[in-house]
Amino acid sequence: MTKECVILAYSGGLDTSCILKWLLDKDYKVVCYIADVGQDEDFDTVKTKALKIGAHDVVIDDLKVTFIQDYIFPAIQAGLLYESRYLLGTALARPCISIGLIKCYLQHGAQYISHGATGKGNDQVRFELSCYSLCPSLRVIAPWRDPEFTLKFQGRKDLLSFAARNGIPVSATPSAPWSTDANLMHISYESGILENPANEGPSDLYTMTSNLEETPDDPYFLEITFKSGIPSSLGLRNNERIKNVLDMYMALNQIGGIHGIGRIDIVENRFIGLKSRGIYESPGAHILHTAHKDLEIFCLDKEIYRIKQNLSEKLSECVYNGFWFSPEADYLRNCTAIAQEMVSGTVKLKIFKGNVFVLGRYSDISLYNEDLVSMDRHADFTPADATGFINIHAIRLKEYYRYKNQRNKHQS
Amino acid sequence: MTKECVILAYSGGLDTSCILKWLLDKDYKVVCYIADVGQDEDFDTVKTKALKIGAHDVVIDDLKVTFIQDYIFPAIQAGLLYESRYLLGTALARPCISIGLIKCYLQHGAQYISHGATGKGNDQVRFELSCYSLCPSLRVIAPWRDPEFTLKFQGRKDLLSFAARNGIPVSATPSAPWSTDANLMHISYESGILENPANEGPSDLYTMTSNLEETPDDPYFLEITFKSGIPSSLGLRNNERIKNVLDMYMALNQIGGIHGIGRIDIVENRFIGLKSRGIYESPGAHILHTAHKDLEIFCLDKEIYRIKQNLSEKLSECVYNGFWFSPEADYLRNCTAIAQEMVSGTVKLKIFKGNVFVLGRYSDISLYNEDLVSMDRHADFTPADATGFINIHAIRLKEYYRYKNQRNKHQS
Amino acid sequence: MTKECVILAYSGGLDTSCILKWLLDKDYKVVCYIADVGQDEDFDTVKTKALKIGAHDVVIDDLKVTFIQDYIFPAIQAGLLYESRYLLGTALARPCISIGLIKCYLQHGAQYISHGATGKGNDQVRFELSCYSLCPSLRVIAPWRDPEFTLKFQGRKDLLSFAARNGIPVSATPSAPWSTDANLMHISYESGILENPANEGPSDLYTMTSNLEETPDDPYFLEITFKSGIPSSLGLRNNERIKNVLDMYMALNQIGGIHGIGRIDIVENRFIGLKSRGIYESPGAHILHTAHKDLEIFCLDKEIYRIKQNLSEKLSECVYNGFWFSPEADYLRNCTAIAQEMVSGTVKLKIFKGNVFVLGRYSDISLYNEDLVSMDRHADFTPADATGFINIHAIRLKEYYRYKNQRNKHQS
Amino acid sequence: MTKECVILAYSGGLDTSCILKWLLDKDYKVVCYIADVGQDEDFDTVKTKALKIGAHDVVIDDLKVTFIQDYIFPAIQAGLLYESRYLLGTALARPCISIGLIKCYLQHGAQYISHGATGKGNDQVRFELSCYSLCPSLRVIAPWRDPEFTLKFQGRKDLLSFAARNGIPVSATPSAPWSTDANLMHISYESGILENPANEGPSDLYTMTSNLEETPDDPYFLEITFKSGIPSSLGLRNNERIKNVLDMYMALNQIGGIHGIGRIDIVENRFIGLKSRGIYESPGAHILHTAHKDLEIFCLDKEIYRIKQNLSEKLSECVYNGFWFSPEADYLRNCTAIAQEMVSGTVKLKIFKGNVFVLGRYSDISLYNEDLVSMDRHADFTPADATGFINIHAIRLKEYYRYKNQRNKHQS
């Protein structure tokens, strides 16, 4: 009888290596799927390790361009921001990776998908909802929710001794007292010593961005051009203009990293109802988000902006919660994209000491009307109209005054 | 026959000085009302000037403490932010000043209130709606909307020659090529050379905050404690603790100013339907807003936060549009304040090079549960529950897949 | 010198007849524009009257089909309902008529548009905003806001004597002690004796619908089919099927009228801040709205429905306030229409004694899954999953309990 | 060793009787808790039956007054309506019963709560979330989600034979081919032959309301007075005035029942992601909801109404989903109640042939201003102000026109 096949989302780390071995011990055929979403990783070493442990096959999938084009840029376009601050770097990678997992699952005619996400976190939800949306019939093996597994591996020590017993190579450098998730868009830090939300994150924690003490004393000037809300080119100070999405994004990350852009330390609300503390750095995304917000309010009709903003907040929550592939996210993406058809133009930025300063913005076609707003020209504006505007708005306020008087009399 | 009396919101500048004279020429008795909301001004000189021009009386009203307590702090508490960026420094001062105007109006038994706000701006609306809300029977003289006035004064040149003819003293220093509004909370810059939204604001424009090139190379650490969402004390690095609201606010402005905190350059949507470009600096408010947002999400239940956030956005728009005194603003303030009963605790901050970094936060009573979220402890959490949670959420997604399949078959 | 030309929205009634004469007296050339939006009117008589008074030309414009196709059906599709009750019969006719007015204005090379809408009402806003949106350069003559006119005509008596003096024919039947607006979609009644909101509307007021005492004792059964949220056919009890939009709408009005469907008596909030009392009857629209709501929730994903419903409420307010032609209404229509792509199917109805009962509904492709929901079949459903679903949702509730305990201890 | 004690929410029906026996067989001590929320039931018979099966004790708890005062009236006050149509009769009873269950649980020092709600439904969620909110430490036994139970009882036949084997009395009348839930507020019908949403519900299904064919040919007139949004008295046609909440509610149910008020047939979205079809009748609640909506819009400031309405929709969803006891429901109730402080007055109604007609409304203090809205009086209204109001609103629309022209030129 042929073995059942599991596609394991594999990172090369201790957890998924033990899971790999554990699945093999349970007599599954295991294919390790490694998504390259821009994390700093030696994929050959990871592959060798998986094969050594016993993986039937290892698939390394370069998703960097699709991650930018189909996830990061649409998120920038929609203005996604979870709970007013988090740019969703991890949440956006999960559906992107899931597409890859499903492709691998179908190609291998597998029966299961497995992952190393923990039982208290958001990522299990994001992976599994994405997978079920794309392929409702698949089954998931989530070891960190399986009592058989969690009883066996009650802490890091158990994982280490299992690895030792099974010849699984373990990194020589001691593991950091927190966990991270890294991709092109961001690195996140949580757990361990960060679980106490009063404790400051150590300054040697950051890897994508420089501490301000070490950033250059000269600002960097750049221009970002958007077409329908999507970044279309990046103008650098040497008049270089980058249009390739990967080059553009790498350049923004590099500039932002050097200048210490895009660090946040927050407590956030997980989907499952816990509050958790996370530290994030997302240099390029922070620059893009700031530029896009500026251009968007410059370009969009005021009432459309308000409606869109509301939809954007709903979509941020969908994406955070793992519903990237869902009826409502499809709908919200469609609706926000319609609004963005008006958002084309260029934003001039100064990147300096952790700050993204907007210096100016322009657009070929725009609702900004310099003549109309000018204090020195009347244009088509009749100041006396404002009197009627104010007086009519005052009616309701005067009625409220009358009402409160009535009420006071009534109560006395 | 006794003259009719006008209360003029007077600044001492060229515009309101000409308006004062123009009203006197129209045979009104004019009382000049000067609100001290923390702007940098020599009030004695202004008073002397008004009396010299012919004002019947000059009232100088120190509103600094009420401005902080009744407007700025409630705005921080409610998390007000207009169009995702503007902290509403001018919009909050207007109702505060209007209360003073109305007191003055009632004390003098006046018939009119007058102001120098322009016909294209928000401030005319904010002043007049505030005044009508507080005293529906009053009448407003808005010279910049009166064709008789605007025909006479078609530009700055007309004002200057009118001033010269009428012995109105004019400041020797040439006026800046933009207009400003200053108070304790912020200074705004707009019009003139700033009307072209593509042009960078000049670096010598700023007055409350230092250019980053001149800020200290050492960060400043502080702690802000909130009670029910209202700042209650400020802890400085020398273990000094400030509780007096005015001292606290001045200290935050000073620290923020030195470190270049709280500058923005934006295009915003005015109530009357124009887009305008403004540059703002609001050092203290920016620090408080950042700290409050951090504590709020730390303390509030996730669903309450979402509802409150929605109400907060509505209230931001009310306040921007001039509806501080309105049925809906009363209601929204009540609702947001209820949510803030849970927001008490302390936020630790690092102020450095234009950045406000949150380093940590704590609270005596909080919804954050370190045991529950810990990766090292199970607490009351049963990981297997997450399986059911995910599977039930997947039902709707799988149904959508089924639906799309049906639709595809139907269409083919 | 040629006279300036005014396009007057003319009804044939006393008000617009006097306005016509008043405009002629002011030496304008006046073209009377009469929109046929389905009101019960003898257009030939109206035309003769206008010409007799002195109109340069009279345009009678049959807008019935466009009114249904481009306004009523899209409103049904979007689920428009103002303040939970009003189907917007008058508000929808205004932009439809404005398109006709603008066409007439352009064809005649006119300089002005004029109308008889009063200064306290919504219709002046709706007409003028629609016209300005379509043709920003036009000018409006609104006699009921012109002091010259309102001083001359201070009440009905003045209009009558002016009419008598100028040979303007006046209807022999005494005018009803209320005012009405009628079109294919509805008749509204307001003003006069209805201004006291405590007074019952008289039973002889209604003209489109029968009093229940006179409705048939047998119900009427029908079926309405929608395609992408738009009514596409009407099935009658004799198996007749109507697809022509005008025939369909007339049939629904007739059936609804006979059975007393669609009367409401409400107090509503006008755009300008007044509360007014109105009585409406809209038989066909009420049937369509009820059927559409049923099908929509049957067909739409639950989360899409919630988002769409929110957009629908915003659009209802836009349309009520006169912003049919506006950036936000365009946007909201686009967004709601996208959601409606899923809303196709048939609703079975029983029309009886003022009630529209939904008896059943079906659709070729739908998210309703009889197997999945059945109490007798498991389908793909695993009941145990609900345990995890509930337990995870309970985490936040238990945390709140813990929080309240902490708080109580802290306070005691 | 003492047995563990289970509090079973017991109805006397086949399901909970078998569950009772099943629990006893598993060696639990079982206390049957029967909530009297107004369902038509012979509680003595039910008690006898439970004791006969082996219940340790039976608690019959009369919750009718608290159900009205603490659940139904607050729901009316908040204007709760799920998915635009469902008055939440079942959803409101669940938290009310849960309070009783918890009291019983604490009094008996029990270890478990058990119920007969099915695994696909909303009620399991409502019961359990309510219980966990009130008493986080309790444990739930949900047999319909327990594979041991569901394997044993795969259909009605298994329940019947188990009952027969165990001497559990079974009702002689054959069970209806649907399931029901009944309380003072409503009766719901679902499942069985109703699962096909295209099938009409049989006319003999209804028990609280008459078929229209059998309703009186004379209307019934009544008046309902609200204080702060809560029904405070009911005026009947004989000038009788009822203030006792239970009497009031019973009278409304009776009048509504006789006149066939409050039937709906809908497809709704369950919390767990299924669509289900339900038929409901809620005569009294439908009358109250209609009256309250009328008074509310009459009394409330327009902008407050919009904000409140939004909160009301959120609260409706909370309540439907089982979050009556939750941070957000507490918050939403507080917020909606604040708005309702303005909602006091009386509504005059005509109840006739399934219809609730509002005839008029009045209030001692109100924002309705007959003088101001009157077409015959100017009051403080200056019609010319509307010109400025319209013109300023037109600015944005004209700018949009300009924008579209720009865009068209740009594209060509």
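Letters A, B, C and D mark the chains in the order given here, with residues in each chain numbered from 1 onward.
Quick note on the criterion: a contact is a pair of C-beta atoms (placed from the backbone, for glycine too) under 8 Å apart; a residue touches a chain by one contact, two chains touch by 3 or more.
For clarity, every value in this text was computed on a predicted model and none was experimentally measured.
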Selected interface, A-C versus A-D, where C-beta contact pairs are more numerous: A-D
Chain whose Cα centroid lies at the greatest distance from that of chain A: C
Cα-centroid distance, chain C relative to chain D, in whole angstrom: 31
Centre-to-centre distance between chain D and chain A (centres being mean Cα positions), rounded to whole Å: 40
Chain A and chain C, separation of their C-alpha mean positions in angstrom: 43
Two or more partner chains touched - positions in chain D: 272-274, 301-303, 326-327, 367, 369, 372, 381, 384, 386-387, 389-390, 392-393, 395-396, 398-400, 402
Chain B partner contacts - residues on chain D that touch it in the complex: 272-274, 301, 303-304, 307-308, 310-311, 314, 326-328, 331-332, 334-335, 338-339, 392-393, 395-396, 399
List of chain D residues in touch with chain A within their complex: 301-303, 342, 364-367, 369, 372, 380-382, 384-393, 395-396, 398-400, 402-403, 406-407, 410
Residue ranges of chain D in contact with chain C within the complex: 83-85, 118-120, 124-125, 128-129, 132-134, 136, 142, 144-147, 150, 155, 179, 191-192, 195-201, 212-213, 217, 263-270, 272-277, 293-294, 297-298, 302, 305-306, 309, 313, 317, 322-323, 325-327, 348, 352-355, 357-362, 367-370, 372-376, 381, 383-384, 386-387, 389-390, 393-394, 396-398, 400-402
